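In what follows, chain A forms one complex with chain B and a second complex with chain C.
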Partner chain A sequence: MSYEFLLQLIVNGIVVGLIYGLIAAGLALLFGILHIVNFAHGEMVMLAMYAIAVAVPLLGGSYLLSFAVVMVVAALVGWVASGGLLAVLSSKSGQMGIFEKSLLLTLGLSIVLLNGVQYIFTATPMMVTTDIPAGAFTFGGVRLSYGHAMAGGIAIVVFVGLYLFLTRTNSGRALRAVAQNREAALMIGLDPDAVARRAVLLSVVLCAVGGAILIPLYVFQPIVGQALILKAFAIVIIGGMGNVLGAALVALGLGILESVVGGFADIVWQNAIAFIGMIVVLLIRPQGLFAPAMRKG
Partner chain B sequence: MLRNLALAGAMLLSASFAADAQETIRIGAAMPITGPVAHGALQEKRGLETALEEINAAGGVLGKPLELVYEDNQCNPSVAVTVTTKLLEAGVPAVLGQQCSSAVLATMSLFQRAEVPLVSSIATNPKISELSGVGGNPWVFRLNPSDRELAVANVNYLASLGTIQKVAIVAESTDYGRGGADAFAEAAKQKGLEVVSTDFHQLAAPDFTTIIARLLNNGAQAVAVYQAHADNANFARQAHAQGLKAIMTGKLSLDGNTFAELIQQGAYDNAVTAFPYSPAVDTPENKAFTAHILEKYGESATYETFAGYESLRILAEAITRAGSAEPAAIRDALEATSYKSMIGATVDFDDHNQAHNNAVIITVDDRVLGVKDVFPTK
Partner chain C sequence: MSRTNSAFGNLSLAALLLAAGIAIPLLTQSSYFLTVGITAMIFTVFAMSLNIVYGYAGLLSLAHVGFWGVGAYVAALVVTRLGGSIWEGLIAAAFVAAAGGVLIGAAALRLSNHAFVIVSLCFTLLMQMLAQEWIDVTNGPMGIPGLPAPSIGFGDAVFTFGTPTRFFYLTLAFAVVSLGAIWLVVTSRIGRTLQMIKHDETLARSLGVRVTIWKLTAIALSAIFAALAGGLYVFYVTIVDPLIFDVYYTQVILVIVIIGGLGSFWPLVIAGLIITVLPEILRTPNELRMISYGVILMLAVLLMPTGIAGLVGKLRKRPAAAKSAVELSS
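Right, the complex of A and B next:
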């Protein structure tokens, strides 16, 4: 096995890791702020892919324009959905707590979205030909397709933006404050509901970006979200539930590890890594690698 | 008052079900209506519905209309066991489909225990016919050729090109993928082709870059794939983007718009596959069938559409010959099947309840999909 082969695997892994990261970040954000697990997260990514598939022919075949339009629509949908979600979660009806309600709600939503999309578009594999060229370029003996390069590039921009937003803006700091301690945030005058709405919106937009960057790479079906979400769950658990940047780092590491292990060992191990990692982390550091230390007892 | 009304309603409803049960012959149809291979069920259902309409329009079977009872097995072995049990408990005298090898292999014993025939028309794992018929399970029949027969034809064609010495295998990690991969490796060995790598990936795998990196590195001149439609399209798209020049072979289902687009873009240049069916097979019956499907559904017929259509036709004919809709009589009649398939051969079953229909060699030359050869699998 050559040095170039190893380098190729690492570069592939970085791109795949960045894509995983985008999907896992939205999941982590929702858990951090609202303490809910969104089982419909994968279906939201899938919905974004179908939205682009519909938008591209309507917008004269332009992928980038469709990308932009779908982001705006996702933000609007996120804003409206956040209102509805918070209203349902805070309603006093029934005996269920927020976590149980969110489980049923998002699981139900996932089933409705998956089957709804299959009903409308059928399960026929779908492909969107974009204006991103289909070929690859070579640097230092490593090949990278234009689609993968674009996906990786956009993911990096989004992560840098997310990092700056969370650490340098008041809105972002408010998100982190509510994630750390909801009551204390309330005491210093933050409105947890407004912050939560922003978190839902951001999470929906992250899903949409995740779906959109997969368009030039994938042929997809309504089930596509299910394959992605399981790994995103493992990433969020390894990184520490609710830690957005932790999730991003774990995703990157996992992408590289999967690629290298798959390259040198049997490909079936590739899928096992995330879950072996998850089990090990749950045994040794159950709060996740990047979560602050937990007080026992 | 309300209670009485509800009771009356319930009685009426059950009476109507009972009337239905008396008037129709209900046939089970298990297939992956949801899940990663749901595309195949959509196509199979089109074939089944087309055959059903024709049979019922001609007066049904034994003077009764046929009725199909669909169940979703998701191509998942455990779900397949659940829905098959449901069908068998509902008392259907025969079941069509299951579609995936894992679902057939998981449910074969249920059919034997219930003494109800299963007519499988798409699953290709060679083990199914090894376990059926003489010395095995007499209740399971298979219409399509197994991957062993197809792999031999495929490798023979590849070897005849004279340019391919190194082949790689990429397959889904299911009974279908593993059965196909074993059959291809065995056939390649017989012909002196070197298998340079074998990769089994999960069904509905999102990313193939690692496998593609290996193939770019190990000098494979052809890649034999045993994957679900969507996985293969995904793999081909990513491999083409990464510049993999190895030709695609193995089991390629290249019908439909997505594949047409990928072929146009060059993702399947020089591809060759031995396949059970092509809408382009030039017989008057197949031409009429594909024209009808295209008109009815706006999409070309696929292997699954063909399989669904002929499986119901063959079963209906067996019930007619049996003169009874009892499972044992249907099984005996199935054994004596002699059905003229729309792709040319006469379908009859050997000792292992395996039929030997024709199959086709399909190639992509100059980015055009075409049938190179129609060959017997007997």
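Right, the complex of A and C next:
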């Protein structure tokens, strides 16, 4: 048990945490702005992984080219889906609230996607051979494989971009305004539908990035989305429902903690941390670690 | 529905279903048909347990498949590791599931009903993980095979529910007692209080109703029936493995509850029996069954969110009935 081993675990944890962050941020965005939950979020990540798996051999093994193509497709899908989703959610059906309706619809969707992919690709674990070289950077005794480095790099770039978008552009500020106070945002003339569509689009793209950069790290199966969404939900609750920055920070922390625990203890504990953390936070600070004030409902 | 239907209507419907239940094993000895019947009854009770908490109290829960799986594992472990009888196993299962339900409910309800949904899902996933990874106790992905058939002993005479016909009657008795107990609860003051909380929590609070305590009661109660159903189910299939936590079960009971009508009783029982039997009649292959349940769930939410109960209310065109159905299924 050496100092380098611990450092190695932390480095791996940061990369995983960044990816969790991308996935959880999309979920937090939807909850914060639209007050809906997306149970198909994990399946969207999974779809992105399979999309890359299909694209890489078609595009001559080039990872970056496949990445770009999948992002464009994800953005298009997100745009179309956002329109459909909003139309469906705004339609009056019974007394179901928008949260409940979104939950049941996306739960149905997630099952259709999961089993559809399982039907087409079977449940056999997939590994994608890409043109990312197999070597690693070494700093002292700490290795950082090119795959991890690339995943971490892309995640950081996307996060910085997301941060700049939300804080420096009008359209990003509009998103935050609606999340903070819907009525006030309407009063100053923001178009809630446009904002909502942007949020859905952004969330889909964040999912796709998360899935795409998991490719060099994981061998995956259609069920991968289910494991990821448990963590994403826990992260969103711990960080404060609807708080994007809180979610990102918690995700980073969870990634590191999981990695360190995984290095020293049984794998069960690694997977249970997110749940235990969530229960503890709910008992001690139910509004979440980064929520400014208590919010009910 | 109970308040608008006469006691006679309820009794005759119950008697009709019971008579049909008693008659089925007399008409067929086919273990395939009996298995379909056993599954249908267990799933109807399972769906009704979700209805207590979702339909009546308005708390959408994804923990039910967790309670069901925990019940299954606890019952199986009591029998195989501790040498208890299945009845002791089921009692233990009910206690453990109720305790788990109260725990996650107490934690999540401090925030909101929305948080409860998410925490309830995480509970289920965590239980599945536990079943998979805690190999010393649960035997991991291999599961616990060879569960013995339930039996009752009177002194030296032991009666074993070892054949499909006997198990069918055992399940019928279980379904009648469970559904009867749930009916008594939801038509009592408890059920009405839960409905009030669902319709207007603030009003309930201001009338002095201790909302959280009532919600926890509903969760515990429904966890008990979900656990009992799960325990009985695995003793019929004679094996319990981590697939007992599969999202498939969540999906089936959600479809039953929504198609039947949230907070309805008889429409839900009918929906439960139809939805579990129909795929067998149609011989749907397994891969497509999952997908079709997913599609049905989405369509039901979009097209008939008030379920059969709502349709029946509309068809009767009796203002009172329609009003009541809408009110009950909202």
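Following the convention adopted for this analysis, the second predicted complex is superposed on the first by the 291 of 297 C-alpha atoms of A that agree within 3 Å, B and C clash if a C-alpha of one lies under 4 Å from a C-alpha of the other, contacts with A are read in each partner's own complex, and residues count from 1 in each chain.
Methods note: contacts are C-beta pairs under 8 Å (C-beta built on N, C-alpha and C of every residue); 3 or more make two chains touch, one makes a residue touch a chain.
Everything quoted here is computed from the prediction, not taken from an experiment.
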- Query: Following superposition onto chain A, is the placement of chain B relative to chain C best described as a clash or a fit?
  - Reply: clash
- Query: A:259 contacts which: chain B (first), chain C (second), both, neither?
  - Reply: first
- Query: For A:233, is the partner it touches chain B (first), chain C (second), both, or none of the two (neither)?
  - Reply: second
- Query: Looking at the overlay, what does A:224 touch: chain B (first), chain C (second), both, or neither?
  - Reply: first
- Who does A:271 touch here: chain B (first), chain C (second), both, or neither? both
- Message: Looking at A:119, would you say it contacts chain B, chain C, both, or neither? Reply first, second, both or neither.
- Response: second
- Query: Taking the superposition as given, does A:99 touch the first partner, chain B, the second, chain C, both, or neither?
  - Reply: second
- Looking at the overlay, what does A:62 touch: chain B (first), chain C (second), both, or neither? neither
- After superposing on chain A, which stretch of chain C overlaps chain B: 58-66, 220-228, 238-246 or 292-300? 238-246
- Task: Find the residues of chain A that appear in the contact set with chain B and again in the contact set with chain C.
- Result: 115, 118, 226-227, 266-268, 271
- Message: Going by the contact rule set out above, which residues of chain B touch chain A in the complex?
- Response: 34-36, 38-39, 41-42, 173, 199-202, 204-207, 209-211, 213-214, 216-217, 229-230, 233-234, 237-238, 240-243, 256-258, 261-262, 265
- Item | Partner chain A, residues of chain C touching it in the complex | 60, 104, 107-108, 110-115, 117-119, 121-123, 125-126, 129-130, 133-134, 247, 250-251, 254, 258, 287, 290-291, 293-298, 301-303, 305-306, 310, 326, 329-330
- Query: Can you list the residues on chain A that touch chain C in the complex?
  - Reply: 37, 39, 88, 91, 93-96, 99-101, 103-105, 107-112, 115-116, 118-119, 226-227, 230, 233-234, 236-237, 241, 266-268, 271-272, 274-275, 278-279, 282-283, 286-287, 295-297
- Query: Within the complex, which stretch of chain A touches chain B?
  - Reply: 1-2, 5, 8-9, 12, 15-16, 114-115, 118, 122-127, 129, 134-136, 143, 145-148, 214, 217-224, 226-228, 258-259, 262-263, 266-268, 270-271
